[in-house]
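Next come two complexes built around chain A: one with chain B, the other with chain C.
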Partner chain A sequence: MKIRKNEIQQYLFLLPVVIIILIIFAYPYVRTFIYSFYDISFGGTESNYIGFKNFSYLLSNSFFWESLGKSLYWTLGNLIIQLVVPLMLAILLNANMRGIHLARSLVMLPWIAPTVAVAVCMRWMFLPKIGIINEIFSSIGLMSKQIHFLGNSSTAMPVLILLNSWKFLPFGTLLILAALQAIPTSVFEAAEVDGATGFQKFQYVTFPLLGSMIWFVGFLAFAWNFNTFDFIWLTTQGGPGNTTQTLPVLIYRTAFKTFRLGEASAISVFIAIFLIILGFFYFSYITPKEK
Partner chain B sequence: MVIIAVIFLIIWPFLYIFVSSFKPLKEIMSRASFFPVNSTMKNYQTLLFARTPVRDFPRFLLNSFYVSVITALFTLVISSLSGYGIARNRRLRSGLVSKFLLFIYVFPTVVLLVPIYKLFTNLRLYDNMLGLVIIYTALVSPFCTWLLVSFFENIPKELEESAGIDGAGTFTTFTRIVIPLAAPGLVTAGAYSFITAWGEYMFALILISSNLKKTGPLGLATFTAEQYIEWGPLLAGSILIMLPVFILFMPVSGYFIKGFTAGAVKE
Partner chain C sequence: MKKLVLFIIITLSLVLLLGTLAWSQEKPLDITFWHHEAPAHRVAAFQKVIDLFMKENPNINLKQEVVMWGDAWVKSLAALEANTLPDFQFAIPDLTLTMFKADALAPITDLVKEVDEKYQIFPNQKNMYFHQDEYWGLPIMTMVMLMTYRPSFLKEYVGTTEPPKTWDEVLDYAKKITEGSGEEVYGIGIGGAKNLMTDEQAYIFIASVGARFFDEKGNLTFNSPKTIEALKLYNDLIKFAPPGAEAWSWGEIELNIAAGTLAMSPYFPSVQKRFHEEFDSDDYAAAHIPFYKDRTERGTITYPNEIHIYKKTMEKPENKKAVYDFVRFMMRPDINAILTSGQEPGGFFPTTVAASQAKEYWDNPIVKRFENIHKVAMEALQQYATLYGFEYGKWVNIGIGDITGADVLADTVNKVVSGQMTPEEAAAWGEEQMKKYSVPVGK
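== the complex of A and B ==
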């Protein structure tokens, strides 16, 4: 195969992005794997090779498994809401009317709003006695007493999942909406000629054609939610107790609060392997099937 | 009608926070009405003018601005080059590269916490705003590349070919013909980089320690860790962090939605 001069230049265009990816992603990635076999304390001047001890320590302790459980609960809860609600929103926003572009832009706002600001304001809004959420619920008679939503071990996780999903709704909505718009109208017209009702059109035409996009959104949402750190840290710091301590929160705590960098790296390795396997399945089984 | 109701349901918290940031402390700390009864600018005044070295919010915002602008500039240079390279090379476009960029986008950044902390400490980029710029550029460049590929693809190849016939090299064609035509894409990618860098919290948390170098999000978060939380200035601060993002986003939202989804539909 003869490579033309032009083509070499085209590869050169990619050089900067490749270099920055190597330094910021690839190299640290490899380091994480190496660190996970060492006992490193903060400051990191002394480090001893300890083999698989970090891993065996994690696997034999319940806090790691609890944290993994929280992570799965968190991820799946978010995933379901972030697939179902955007699907409905996208169908709603697929209408052709005046001001629809403004509507689409406004729906995006929770997604682009800085997490810190959202987290701070939500903490205030969900407080007992002074927060508006308690006020709303008690005024419509849903609650008889005040609930400290984020400070109560039974409500903290579900409430956080709802809040985080609210923030990420726009993302799925946007992608599903794009897929909807890519469906030619002739398909719907044909279905109408055949006498399909509104819901039948959705069930037999829209939904199957959205398949690959729903998988795509699901894959992205799973990966992102599994890695959420800032939103949880800024609202509950993993609390109350350990009720919202997902694996990313555990990594941060282990590394920067208890200063066990080797152990934190071992948890990171676990997350990385888990998501690589997931990505492998997505790219090798789900994407090709659609083509 | 349904649409308006649903939109209101989704974005009412922003309206509520905005109007509440003008409430006096008494109304913020009690169940007052939705709108302020005695509106006041005091929350903003406290935040902006009662500056101490530890709580210097204007400085935090300025730091964020500096970091975000430089990040956007770096990202534009890097990702317009790579985006063009991919768009004009069929082997790259259809091949693993664009999938790889997507993979980077879902990459678990929390895995990077420990090694980046150690690497940046060794490189003297710890507690250094340039360190943040570098990491943010790395975080957004893959996605911006992906975004720009779809913009570059829409530029007719004939334009470039005729420039080539006139004796322009690949690089001249790129700077003189392609870049001006892809302006909407560049604005979108720039806005995306700015917005991401402006709101990022996790890496700022582990890489910045001195008060002078804190970014807006980091500064706001430290206020909530104080023993007595002053909600009034916090709400005002949240609004000041959100507003630039919204103002920057609304004009480019159309392009943004188009560019963002054009790549995704093809995948």
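== the complex of A and C ==
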């Protein structure tokens, strides 16, 4: 009887959070899912049930596949940088030397800078004629002609990936650093006794023991980057042309620029299903299991 | 204990009584409106007008709320669904049309006729709101694009301070300036991104060649030889724009003109304030939009900023009266000058004959310094300035609001200047996109 009372109390404490989650998350998800089966405009007074027509329209149109391709390009490009660089930074920050705590604090700076401020600054910094990046590169002889990095279809996406990855670095670095610091030093001492070099210690001790954290950071980075909208919209708005128009940008344009709510909802549902299936396969079959 | 209970009862009763008395006092009527001019000095100009109005009408509490232009369509539609629209809103014709389509607007023909009789509204400004024998908006102030230029750059690289009179001359000047300056100064400033700025600049070319989005019955005529000519001219000219112009948004042309990296731009002549206050320079001018080849008619874009009033406001007689009184107040020439030359000289112009002749308008020191620009602007407004989809003095296609909201014209231009499509392909593509939104009147 006493135990049951405690259980009821626990559920009561959870209730407010559950209600908030239902209102903020569940309700919009369900509405979006329903809208995806309707021909409905933003602010429109009429809506017609059209079944899967929104989905078949998307799947048969090149702009959708182009945006999906750009989403994958964007995500994988970010993923590579956001796994490799944080790992290297974490190893460096794991050292025990003077000033290391200051270094660990400074590495947080990109994370705490507001995305809007970063995006606006970067836009101006990469402009030709008046942006500092062109000035620096030109003055040291790296470029003979100034480039609008974010306005050129060849450079816009790679530059955006670099800038976005810079923002994510602290998060991945701190997670991997925490995992590194959890590895007992005795393991490294044993490896040293066995004559392992620095690289061999990394290859046979550090990397395998960090495995689960790296896989976890990898999936987080994949999902977050796939869903990135704010940074792209604030810098290029999906341009030049459609060069950086990923699926989240396409959703925004479809819903809030062309007011086609049904279509935008269908794209959202597609992304949700895609990420759920990917997550299932990732954690079921790809992530190494702990023995 | 009894004394405590008695004390609490007496205190609560007093509080209740005072509260009821306060609540029953006559409160000023709250009226809220939205506008979309976010810069601090523009908000201040609106507030000045509001304060003057409230001084004469202490029973009205008027409040402005700023909604960024980029959010205006979405927030207005969302507010309509949530029943949180303001009492009235400043808008542009496309937004008014979008709200008309959403069945949110009330006709204000009586108010328009009253103001027209008193102050003579410029016909092409007024007629953009005429539909089904009613007026759905009243233009308070307007904007117009002219051929703005820096006379000193024309003198240095072209050998004259006279502005180009034809688009061929514009191309020639732009080439000479860009090449002659070693790309230190670029000849022309036009954008190529998918945004309203490109929509507006591109329309100058569309209007100059005599192309139209629709015919008089509202049928699409966008994919035409004239549109293709306009796109080709735009594409030829943008080659002499600064690198990155294909991605420009609002503010970048003003920045480049002021920074001395641009010689000419078909744009709002609104950088006067900077030249007057920061640079103390006369090196900024504006001319009529050039002619296209053998045409004897010019074309440029005008964007009236009107107010429209919502049905829900009209259902409350005191709210309707308050809004009408405020509109009458704003249209007084002396007050209107605060919203035009007072708010942004060269950015906003009057929409009535009376306001265009007001001493308060022309006495503005910036207007005095750049008087010729304002004279050219008034001529353009009265003679040839128009707006895509509104060229016929009435609404011909209700879908123009959504076409603008989707930036179809800008998208079409973007496809050409980024090399994705030829002008012919882009014109055909643009018309296909417009078909999704097109609603000819009478259908």
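Basically, the second predicted complex is superposed on the first by the 278 of 291 C-alpha atoms of A that agree within 3 Å, B and C clash if a C-alpha of one lies under 4 Å from a C-alpha of the other, contacts with A are read in each partner's own complex, and residues count from 1 in each chain.
Following the convention adopted for this analysis, a residue touches a chain if its C-beta (ideal position, glycine included) is under 8 Å from a C-beta of that chain, and two chains touch if they have at least 3 such contacts.
Because the structure is predicted, anything quoted here is derived from the model rather than measured.
**Student:** Label the relationship between chain B and chain C on chain A in the superposed model as either fit or clash.
**Tutor:** Taken together on chain A, chain C would clash with chain B, as the superposition shows.
**Student:** One more residue to check, A:Pro28. First (chain B), second (chain C), both or neither?
**Tutor:** Only chain B; A:Pro28 stays clear of chain C.
**Student:** Which partner, chain B or chain C, touches the larger number of chain A residues?
**Tutor:** Counting contacted residues of chain A, the larger count belongs to B.
**Student:** With both complexes overlaid on chain A, does A:Val159 touch chain B (first), chain C (second), both or neither?
**Tutor:** A:Val159 contacts neither chain B nor chain C.
**Student:** Could you look at A:Tyr11 and tell me whether it touches chain B, chain C, both or neither (first, second, both, neither)?
**Tutor:** first
**Student:** Name the contact category of A:Phe256: first (chain B only), second (chain C only), both, or neither.
**Tutor:** Both partners, chain B and chain C.
**Student:** Kindly classify A:Phe226 by the partners it touches after superposition: chain B alone (first), chain C alone (second), both, or neither?
**Tutor:** It touches chain B, and chain C stays clear.
**Student:** Touching A:Lys129 in the superposition: chain B (first), chain C (second), both, neither?
**Tutor:** both
**Student:** Let me test your reading of the model: by the given contact rule, A:Val116 touches which partner, first (chain B), second (chain C), both or neither?
**Tutor:** first
**Student:** Could you tell me which of 2-10, 20-28 or 38-46 in chain C overlaps chain B after superposing the two complexes on chain A?
**Tutor:** Clashes with chain B appear only in stretch 38-46.
**Student:** In the superposed arrangement, what residues of chain A touch both chain B and chain C?
**Tutor:** Residues 44, 129-130, 256 of chain A touch both chain B and chain C.
**Student:** Show me the residue ranges of chain C that touch chain A in the complex, using the header's touch definition.
**Tutor:** Result: residues 73-74, 76-78, 80-81, 98, 102-103, 192-195, 242-244, 246-247, 255, 259, 261, 402, 405-407, 414-415, 418, 420, 436-437 of chain C touch chain A.
**Student:** Show which residues of chain B lie in contact with chain A when the two form their complex.
**Tutor:** Result: residues 2-4, 6-7, 10-11, 13-14, 16-17, 28-31, 34, 77-79, 81-82, 84-86, 88-89, 92, 97, 99, 103-119, 121, 134-135, 137-139, 141-142, 145, 170-171, 174, 195, 198-199, 201-202, 206, 216-218, 220-221, 224, 231, 234-235, 237-239, 241-242, 245-246, 249-250, 253-254, 256-257, 260-262, 264-265, 267 of chain B touch chain A.
**Student:** Which positions of chain A touch chain B when the two form their complex?
**Tutor:** 6-7, 9-18, 20-21, 23-25, 27-29, 31-32, 35, 44, 89, 92-93, 95, 97, 100-101, 103-110, 112-118, 120-125, 129-130, 132, 135, 166, 169, 174-175, 177-179, 182, 213, 216, 219-220, 223-224, 226-227, 229-230, 233-234, 247-248, 251-252, 255-256, 261, 264-265, 268-269, 271-272, 275, 279, 283, 287
**Student:** Help me check something: in the complex, which residues belonging to chain A touch chain C?
**Tutor:** It comes out as residues 42-45, 127-130, 146-148, 150-151, 153, 236-241, 256-259.
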